[in-house]
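So the structure is just underneath, and the comments pick up after that.
Letters A, B, C and D name the chains as they come in the text, with residue numbers starting at 1 for each one.
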């Protein structure tokens, strides 16, 4: 069975989603993965956008979190500040299973940079900034989507846009954040990383055709490979739904 | 019924209500319902030293930066998502040190605009704690004190008096001089009705000292007052009503039109260099002295193709790449 | 020309309203007075209710500030918290000309009690409480409507629900309130009181048929009568509009 | 689409979601859209020791007090305006020391419910400064500490860190256990749509740990999702949907019915003494085990006379005295 790296990522993201729970998704692969989940094992998953658009069922892939395509069969189109309140209250109550994040750099503790490369005051490369990422990282468990490159997986990021586990256990509480929430997984085109009790990233799954060694070679810090297993390839019927129903125009996969 | 009218041209609204150095907040979200017609008029009138409260910024703010109108931006996001992932005139201005900037998170910008509309001095939040949004001040306290409009402090961290041991980040609410909004309907007394997602528009309209509303359709006061439950804002918060069909083009407008992908692709290319950007502005802004000229330049057929399809709320099958 | 005390009060209230300005009105006489103003000299006055219902044109007298009758030709029916924000911001900018208040007791400095008579903890008579009164007194200039009785106009009220001028000049700033806002007038069935530079109430106008002495006799503290003039009686055409158009069912007048 | 359903009877919703001692917040405003059907069920089930976050309270809360369900009320207003200027069971309970109470202003209750829905720990306001709302605590700090649900402090006065010399009153947001709302439309997944003024309903629905929504009409999820821009709240904030036509009677319901003046006049008389009140409750609550029984007791003709007249939004010429 043939499938692309992006398709394997989408399937992996989809597998993180449980039926009946609520997720904060952005555009791109997280939305594709979540939509795939809703079309397969998790029809009652609730998708929330940082624009305060709730539970839409986009029929075409949206280009932004404000795209009118997200409104389709949504439950509410709230003003922006309602998302602020919902996020903090419902995350605290454990009713938001997780939010999806991306970034340009990540460290072993899941601290993320989506602001700039180099000195913040004289950046070599400037990005858009936090968007909703910092808020998600403040209140929710997170799943992070990254390109797996050595320059992106580094010991210390240039700027912490979204706080992860700090430098280890106890750090979230120390800075004033809920210690029970934080990064849970990192999905790349090579595999799936999780975080141990020491708050450090370890390799949980390597994708078919990828070796743990290859993943270590693409990671700028030492990764515990001892717990890694090979990921299941996409099931044929899941791949079929992904390709023919979720993103038939191949905008994202 | 009020017998005054606040209806005026974009030219009159921008020249009478916006001054150099003002703090501006702009409605909509990234590529949705951004008041581009008003923004083009600001560029035309060569306003300078604007301080932009960014929120979910789109290419409109990138145009203001590229056109040299902006000296300070408080930012959390600026993109034409799906087309330009980081707006290019913004990016170059930051990388070259040509602009003063500081970063918040989008949630925090959202809630301080809301707090400003609630008349609060600050909003106490958990957001940003631990991150470099707190550790690094893009604009130092010294520079803030020199700035005529910025609060002296980016935030203050304080213990929560009701939850001992819990830290809070107290973020001051901005003092917005002018809000720019694009609504679907407005009437002469200033009442306006936004359909679909409101984003942060009502907050900035209430909080701002002056508010300019462009609208798809100008209707009578009586028409809007038939269903006050659908209206977004009283005219008491509005200073100018500017009729402008397709006034949010190239962004989307709920119930009216989808985004213009071709325009976003063209802008993505044009904004790569200052020279190409300047030619783009010369062509689409300076060579079109009025909004009507701009629409004619785009052409009726192109605009009509963007009309949304009822039942979908967007234009299904629109060419988007 | 015949007219009742309530009609004279309504006309007096109406005279306080200027065209083009915004006023916070409740039900009862303030609304009647304001509606009369809109039907005579102030067609562009804006009436705001503490329910966040804006600029309605009730065709029947509403019984409460939430009455559906207030929605008629309104501009917005905002959620409650929008009133909170509007009040504080637009009062600060001087765009709310004043709010109307009532109470059970008032002192010479316009401090008002609408909470309870006797000890607050063991009240002899309990009222509803502040409602929106305290907020109006916090942010806006106010016009106060009272029954003119000695037991209501007293040196010290049992409970300050709505802060007026405190005990004199400087007190509002001292407690943290805007010193430029505060009580401007008191309208009763006997006359119109205003506040001097010493922040104390004085008699400004006595209604036709009422003497200043009679007003002093019905006031539990000393009232400066030296500046008092007789009020103009209602103009015939104003009275006609009041009776036949504003409150034809005589619910309030 | 969600395949669960949250539809249940008032009996099931109240028995499964409300416990003795809970903090309740109730939607609507004084005589408008109060969830009376749910309140009657609470009385029927003899819930005890409730702590009521009052806001713009009406006769419904007075009934709860008269029926002995309430031990604590945080109050700023309680009336059937136009009929009973101070609710009489409340008044007697306070005058006889039978109930714990503390006073805020309505604005402050409004903004702390809103703050609670924004996830804030407190809201910093100017309100109440100088007044006895600040000087006198109806419930002392010692009694608050003994109370399992009340915040320890009524408020804290602090200098504004962004405006030196300016005092602010920091008011803690309440922790609401259950919100009761009456909406015009709701669907099985819990989505609801309030038409007309929303008052503080959405805030308490979001802030509360559990939310019960009674509705004039139960419609399909698909029907509400056809126009999400008109919906008030996602079902994620709702735990029970209780179909109840005329569920706000005797109060008003936008687009549906006006208030029942005769009922308010009868209640004004009945609530003068505990004995008359008890008879009234026996007749209208206990003798009507279901909402349908209650409606039948009132009679169809009486209910239909209250229907609003489109174009007015109320019942013109309704007998109101």
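What we mean here is this: contacts are C-beta pairs under 8 Å (C-beta built on N, C-alpha and C of every residue); 3 or more make two chains touch, one makes a residue touch a chain.
Just so it is clear, the model here is predicted, and its values are computed rather than measured.
Of the two chain pairs examined here, A-B and B-C, the one linked by more C-beta pairs in contact is A-B.
With centres taken as mean Cα positions, chain D sits 37 Å from chain B. The centroid of the Cα atoms in chain A and the matching centroid in chain B are 28 Å apart. Our note on geometry: chain A versus chain D, Cα centroid distance of 40 Å, whole angstroms.
In chain B, the positions touching at least two other chains are 111, 114, 118, 166, 168, 196-197, 229, 254.
Each of the following residues of chain C touches two or more other chains: 53, 71, 77, 81, 84, 87-88. Annotation, chain-chain contacts: A-B, A-D, B-C, B-D, C-D (touch as defined at the top).
Across the complex, chain D is touched by residues 27, 50-53, 59-60, 62-69, 71-72, 77-81, 83-84, 87-88, 115-116, 120-135, 137-139, 159-163, 166, 171-172, 175-177, 251 of chain C.
If you check the complex, the residues on chain D that touch chain A are 1-4, 117-119, 189, 191, 206-207, 209, 222, 224-226, 228-229, 231-237. The touching residues of chain C, counted against chain B in their complex, run 20, 22, 43-44, 46, 53-56, 71, 73-77, 81-82, 84-90, 92-93, 95. On the chain B side of its complex with chain D, the touching residues are 111, 114, 118, 120-125, 151-153, 156, 158, 160-163, 166, 168, 170, 172, 195-197, 229, 254.
The part of chain D that touches chain C in the complex is made up of residues 28-32, 56, 75-79, 81-83, 85-87, 90-91, 94-95, 97, 103-108, 110-111, 113-114, 126-133, 135-136, 138, 157, 166-169, 196-200, 202-203, 252, 254, 258-259, 308, 312-314, 316, 320-321.
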